[in-house]
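For reference, the structure discussed in these notes is given below.
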Amino acid sequence: MEKPLKLLHASLNNRVIVELRGGVEYQGVLDGYDVPHMNLVLKNADEIVHSDKKSKHDKVIVRGDNIIYISP
Amino acid sequence: MEKPLKLLHASLNNRVIVELRGGVEYQGVLDGYDVPHMNLVLKNADEIVHSDKKSKHDKVIVRGDNIIYISP
Amino acid sequence: MEKPLKLLHASLNNRVIVELRGGVEYQGVLDGYDVPHMNLVLKNADEIVHSDKKSKHDKVIVRGDNIIYISP
Amino acid sequence: MEKPLKLLHASLNNRVIVELRGGVEYQGVLDGYDVPHMNLVLKNADEIVHSDKKSKHDKVIVRGDNIIYISP
Amino acid sequence: MEKPLKLLHASLNNRVIVELRGGVEYQGVLDGYDVPHMNLVLKNADEIVHSDKKSKHDKVIVRGDNIIYISP
Amino acid sequence: MEKPLKLLHASLNNRVIVELRGGVEYQGVLDGYDVPHMNLVLKNADEIVHSDKKSKHDKVIVRGDNIIYISP
Amino acid sequence: MEKPLKLLHASLNNRVIVELRGGVEYQGVLDGYDVPHMNLVLKNADEIVHSDKKSKHDKVIVRGDNIIYISP
């Protein structure tokens, strides 16, 4: 069995896809997270809204509240 | 009586259907979960949006907040 | 006076109707629940979406968060 | 001053109107409740959706989360 | 400085306007409240939906969760 | 660094703009607040819905839950 | 690994983009925050609604609840 936080930790420094409520997606390198909120720090992140690349962020803090899934 | 978490535990390594709010569904092998949030780790997961297969994920962390049901 | 959890407990092994937010309904045999979340385990459950039978589940874990009512 | 829970307790065995989010209303005899969630048990309950009587329930557990008001 | 709960207490036995999410409003005499939920008891309450008087209640318990503002 | 609650406290007796979810705005003199909910008391408050002045309140208790921002 | 709150702290006195639910965005100098709510104080903030600059605020308290991401 692999616990969600263990997989999240193992994904540090890897590119992940983060899907949020409302059709917004981030793709970036996972640079950090906190517990238990699962807020994330992503580096070199693309924001994708309804499949269109909308903006680029060097770093971005994504609040865990709005996350649907994280795909390493 | 079978408690929800006992059934979830018994479903480890089996393929499950996870229905989320907003017409999104995951089908994958349950690889882990946490308590009490019911965040899940799925392997070989298909994401299905309004009955169309949208994407495949080797591994995905699904936040428990958005889960409507889990069907082993 | 009959407390909600006492009625829920008395409904074990009986067929119940579970109404969720968003026009989704489950009908199945109550096989388990937990406290205080009121997550449920249903057996032989029919999922009914806007009055149409959508799918059948041998067993399903329904998260308490989305439940509007449970009718034994 | 009359506290909400005292009025709720005084309404046991009386017919109450329970308005939920989403235009759903229950009318039934208050048979029980719990604290602090304000989950209710109603007997001989009518479910009324946008002013149309939809279904009748001998007993129903209504989750407090979705309640807007209770009118004794 | 006047704390919200102090003003609420000072409003007991006075007519108040209570605005809820979804365009629903109550006007009635504040008969009670609880802490910290801010559930209210209103007497002789009018329910007003999108500016139309919909119904009258001798007494009504309004859950604090849905309240946007209370105007003494 | 100026903490949010310190700025809120410093805004007492000043006119503030309070933006709520759903396109509703209040403009009034901040008369009080509580911690940690950030419920507010406003004096001489105008309620503005989608840019139209809707009503005036001598005093109003605004629940913190629905607040998006407070601008001193 | 860089924790979200450490990055937030490092962003003090820098211009940040704050995206809220509902298509509202703030751009301003981060002047403060609190833990664990992640309420923010922004200085010289522009409010941008669906890509149109709507208003300017010398200072604004943004509640953490509605924040989707913060981009330093």
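Just so it is clear, A, B, C, D, E, F and G label the chains in written order, and each chain counts residues from 1 on its own.
Here is the rule we use: a residue touches a chain if its C-beta (ideal position, glycine included) is under 8 Å from a C-beta of that chain, and two chains touch if they have at least 3 such contacts.
These numbers come from a predicted model, not from an experiment.
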Worksheet item: What is the set of chains touching both chain D and chain F?
Response: E
Practice prompt. Could you work out how many touching-chain steps separate chain A from chain G at minimum?
Written response: 1
Worksheet, complete the sentence: Cα centre of chain B to Cα centre of chain F, whole Å, reads 41
Worksheet, complete the sentence: Rounded to the nearest Å, the gap separating the Cα centres of chain E and chain G is 33
Worksheet, complete the sentence: Touching two or more other chains in chain B are residues 65
Worksheet item: In which sequence are the chains arranged about the ring, given a start at chain D and a first step to chain E?
Response: D, E, F, G, A, B, C
Discussion item. Under the definition above, what is the set of chain E residues touching chain F in their complex?
Written reply: 1-8, 17, 21, 36, 38, 64-65, 67-72
Practice prompt. Over in the complex, which chain B residues touch chain A? Could you list them?
Written response: 12, 20, 22, 24, 26, 31-34, 37, 39-41, 57-63, 65-66
